[in-house]
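Structures for review follow.
Two complexes are shown next, each including chain A; its partner changes from chain B in the first to chain C in the second.
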Partner chain A sequence: MTEISAAPRVIPDRLTSPLARALRSWEALLVVVAVAVFAINSFASPYFLNAWNLSDATFNFTEKAMIAFAMAMLIIAGEIDLSVASIIALASTAMGIAMTAGFDTPALVAVGIGTGVLCGALNGVFVARLGLPSIVVTIGTMSLFRGISTIVLGDEAFTNYPDSFAWFGQGYVWWVFSFELVLFAVLAVVFFVLLHRTNFGRSVYAIGNNPTAALFSGIRVNRVRFILFLLTGLMSGIAAVCLTSRLGSTRPSIATGMELEVVTMVVLGGVNILGGSGRIMGVVLAAIIMGLVTFGFGLLNVPGIVMSIFLGLLLISVIAVPRLLAKVRK
Partner chain B sequence: MNNLLKSREALLALAILVLLAVIATRFPAFIEPRNLANVFNDTSPLIILAIGQMVVILTKCIDLSVAATLALCGMVAAMLNGAGVPLPLILLAAVVLGAVLGSVNGLLVWKVDIPPIVVTLGTMTIYRGIIFLISDGKWINAHQMTAGFKDLPRAELFGIHVMSWIALAVIAAAVVLLTRTPLGRSFYAVGGNPHAAVYTGINVGRTQFVAFVISGALAGLTGYLWVARYAVAYVDIAGGFELDVVAACVIGGIAIAGGAGTIAGAVLGALFLGVIKNALPVVGISPFWQLAISGSAIILAVAFNARQGRSRGRIILKSAEHRA
Partner chain C sequence: MSILRKALTTAALATALIATGAHAETKRIALVVKALGIGFFEAANKGAEEAAKELGDVEIIYTGPTDTTAEGQIEVINSLIAQGVDAIAISANDPDAVAPALQKAMERGITVISWDSGVAKEGRQMHLNPSSSALIGNTIIKLAADHMTEKGDVAILSATSTSTNQNVWIEEATKVLPNYPNVNLVATVYGDDLADKSYREAQGLIQTYPNLKAIIAPTTVGILAASQAVTDAGKIGQINVTGLGLPSEMAGAVESGATISFAIWNPIDLGYAATMLAYNISNGAKAEPGAEIPMGRMGAAKLDDNNEAAMSDPFTYDKSNIEQFKSIF
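So, the complex of A and B:
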């Protein structure tokens, strides 16, 4: 627990220049890490520096990053959603049902995104309307959503998606730029504007720092919370469309454990897990770093579970190192 | 308040009885003492883990790494067995290893001040990964285990399996710890109001650390029981079981914000899930329904508990509460 510090705050005569602040920021550190990972990968494997291989590497993070943008806002507002991977499972299952019923691609996309939004709305109602703690609610809906998809699927799978549906996960807009990568870039800009350039974004920070003060300053706290859950559901729905299209199938185990990777991405991006601070740029960089690391390990034939050890260590050390440094400095 | 809590556990017990009665109308054999003892035995791992989790939740933390700790200790126990280590030493090793893994969580929460959910999300994947590293991804099957290793949890004492006895012993020890010792009361104090706890001379971080060690040690013990009972050890045993454990606590009325809850609640919460799990195949519902049912149970329970806890008094001295 932090103790109350009685020392007077030092007010500097001059503010540090914007450039100096930018150089010392979390994002600057992430850029350094990204460059280092890129360099190490280029040396470690001759197959790394190839436009098409790098394009393949982006699939490692695009879907997770879409959810991570919304999750970042949710965590900044002091909430969390652990049900995102299960929303993907349920949305994908819903698309499978629609596909079996004979619907074509546009309807499938609508069903996937619609299911995501509905799931997000359900989480939002529980948290914002009934005032339940988001961590328990989303642990519950995490079982519920995947449970429903397990009931529907049993031990079977939906395959046979129409050919035109494959474009979302496998198509390219131009040269090596896949649809998913372009969507990732567009969404990054959209979320950047939403969080850093709108009243809504400011209110997210306000709620994360002090919900009571936010309420008294006229922010409709619970409405913002509800919208954030809705957004997270929407992004999970979109990610479900991309992932299902890329895999070409729906299995009960689809996207298992992805919630952990999304939260890791957000925290690695410099978002405070306790809420109140964080930036979209950091999440973008964290997504790219995680994608490059996963891809590099893949090229070196490192098993997936070893990569997950690395991710776990990364998650803890990313938070631990700055805190330990601050302690040492004291 | 005391009456309210008592009635919550009574309600849950009533719900379990109603559930049993409904099942009994169609399948009377389900409520024969012998079968009920089997249900209890089958639920024992969940009960033991739920008690450990409850202590952690009481201190305002959460331990999502219990299932991974269980699996890692179980794998180590099976490997020690393969190396010819005698059973008492294996048991000791499993419990100590569990406590060590728990203390890693606890130290990160206590000394580095990382939020418990982040710590245990991280260690959850790390511990699972370590199982892969030490086992090379291979399974340890029944024929690779000695008979003594496999037989202990299944041995009978006065007509009840040893595993059930161990669960009963853990329940008894936990009741004494939580209601009759200063440490037990400090778990409640830390979760109920950490700032007040500091003023009464309780070290909040250390108490949370001890809670994680207890949870880890119990997970280690369960790891041996699990591997010995099912006679198999591999990377993914008890995968996702941490959710069942948290669910049992939430259903049992343990407040996720800390400071409130009883052993009876945790045990009944676990039994509730255990009865459902054992009844599904009997009643003829596909086991695929179980995940959705426990998810709904979590949400219903937390909604119900929140309604009951709504009538709180006004917080005076709010500034003191926000400062530290």
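So, the complex of A and C:
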């Protein structure tokens, strides 16, 4: 022990204690922001603290968050997928076609998810097999997927989804807990385990930090990349099922602009946009914060554009503040 | 004695005040638009505020998403449900996608009507159309006839030959032709709602029919192109271009005289009427086929089998009011 030995040198087991590290982490900052937003909302509007209202508010972020989990892993690996909203449009259109052909709910869900996986596979082939940059590929497929949907539908819409199909976007598992909210929670756990507790997750970080080094350490880099695009497609397909069910209809304009909100969620969650770092917990918190902010502002009837400005400022400040602090410390 | 009397009157007065206080609880009516920052809807809000002022106990919540998306409108609807507003009057971005959210609103006791751009039948209690096909068909012929002193040729410049709206209006217009003996309808041509094609079709009409007195274009693209063609051909004063147009685009043509008058729905009236209807239905008026629901200075809305109603004739714009409206929409 230090009292007995006179030696002044101490070599600690860890550089900082886990508790101190947790307190100084990005997630801690997000928890503080979430609590602050929650508290401010509770004071600002008498309608905020109501179980059903809060339950309604979760629909503002659940679908986006599902995609954000997969997107977070993709961005950590140094790639990006901007076609996710268009995948939703195409998957929803495919479900509409299946519905018109007389298929029932289970088949519709399979078609939606299957279309999502196929779209993800296409992105994956372009990036992992042909070695094209993901931002270029997915900007292309963004137009491609929504374009197909627009050609099929024009200014028409698919509307007559079966009643049982409505459960995915409008149903409740128990009390105020909607199916979407429960699915969000389950997926959060699944992605937490996948990213933080498996070899696959470690290889994602390795690729994001240095793909060449990862390759030489025996990681099948392109296979991991392909799987990540497949996962993003899968999640977009699941989100398409939920959104289509919630809207009860399909139009080619469905989910327009959602890709940017998903990326915002991921970056706000503390994932480095250049790859290599980030955690699922951060994305979960960012999703909740974005949902609470939108809902709180909605309750006060703040115009949407002010909300966008606020989210933009929030995003810039949470990214800028830590870097500025680091510079000041130097 | 006098003290007792005083106490009694005070008590009576207090009771009366409390009673009126409970009565005077303001109705909160949400005017949900396709997106904020659009002149047409800002004007509708003016009309809604006018109705609120007239009714006295109404608070208007003017709201809508930033972009014209159904998802954005659903977020807005959810927050309105949470606030427990009394009524929602919506111009929908998508007739089907907003229906489930609006159904939820109705289940929680909120009055829901749509106006301008309708919602599927199951998602609202009634829909207010700015006008009806019959009224529009009659108006466009009347606009031409009003400025014709003798019998003359009249031609229609439409959008595409498959445009549902325009075809119905033209069909209604031909039905009322016997009422306007001066109007001799000679041709219907299609500019496909393209500025250059509409311009060429209008030129063709001017050359083919030397006795042409008026061109009717029931489309905002067509009327603008036709007035330009008439101006370029130096036929101002001989050929009157009329139909359906936007005041902001048509201000120049009205100034130059190429267009004496044209029509389109008045957004102020529309916002006013929607607010009146939402207020009256929320106060117990039954929205059912055949019902007549009052809408203040705009008369009464008569509901058809789909619980839809037409507000009025399209509003006519000319030199007297174009200045006021051209900055609105």
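Going forward, the second predicted complex is superposed on the first by the 316 of 330 C-alpha atoms of A that agree within 3 Å, B and C clash if a C-alpha of one lies under 4 Å from a C-alpha of the other, contacts with A are read in each partner's own complex, and residues count from 1 in each chain.
We take it that a residue touches a chain if its C-beta (ideal position, glycine included) is under 8 Å from a C-beta of that chain, and two chains touch if they have at least 3 such contacts.
The structure presented is a predicted model; accordingly, all values stated were derived computationally and were not measured.
**Student:** Output check: A:Gly276 vs chain B and chain C. Expected answer is one of first, second, both, neither. What do you get?
**Tutor:** A:Gly276: touches no partner chain.
**Student:** After superposition on the shared chain, which partner residues are touched by A:Gly114: those of chain B (first), chain C (second), both, or neither?
**Tutor:** neither
**Student:** Given the touch rule stated above, what does A:Ala157 touch, chain B (first), chain C (second), both, or neither?
**Tutor:** Once the two structures are laid over each other on A, A:Ala157 reaches chain C alone.
**Student:** Would you check which partner chain A:Leu132 touches, where first means chain B only, second means chain C only, and both and neither mean what they say?
**Tutor:** A:Leu132: touches chain B, not chain C.
**Student:** For chain A, which side has the bigger count of touched residues, chain B or chain C?
**Tutor:** Comparing touch counts on chain A for chain B and chain C gives B.
**Student:** Please indicate which partner A:Gln170 is in contact with in the superposed arrangement: first for chain B, second for chain C, both, or neither.
**Tutor:** After superposing on A, A:Gln170 lies in contact with chain C but is clear of chain B.
**Student:** Thinking of the overlay built on chain A, is A:Ser308 touched by chain B (first), by chain C (second), by both, or by neither?
**Tutor:** Both: A:Ser308 reaches chain B and chain C.
**Student:** Where on chain A do the contacts from chain B and from chain C line up?
**Tutor:** In the superposed arrangement, which is not itself an observed complex, chain A uses residues 257, 303, 305, 308 for both chain B and chain C.
**Student:** What does chain A use to touch chain C in their complex?
**Tutor:** 45, 47-48, 50, 52-53, 56-57, 59-60, 157, 159, 166, 169-170, 243, 246-249, 251, 253-258, 294-295, 298-299, 301, 303-305, 307-308
**Student:** What does chain B use to touch chain A in their complex?
**Tutor:** 62, 108, 112-115, 117-119, 121-126, 128-130, 132-133, 137, 194, 198, 204-205, 235, 243, 246-247, 250, 256-257, 286, 288-296, 298-299, 302-303, 306, 323-324
**Student:** Give the list of chain A residues in touch with chain B in this complex.
**Tutor:** 1-4, 80, 126, 130-133, 135-137, 139-148, 150-151, 154, 257, 260, 263-264, 267, 273-274, 303, 305-306, 308-309, 311-313, 315-316, 319-320, 323-324
**Student:** Which bits of chain C are touching chain A when the two form their complex?
**Tutor:** It comes out as residues 36-37, 61, 63-67, 69-72, 74-76, 78-79, 81-84, 94-97, 99-100, 120.
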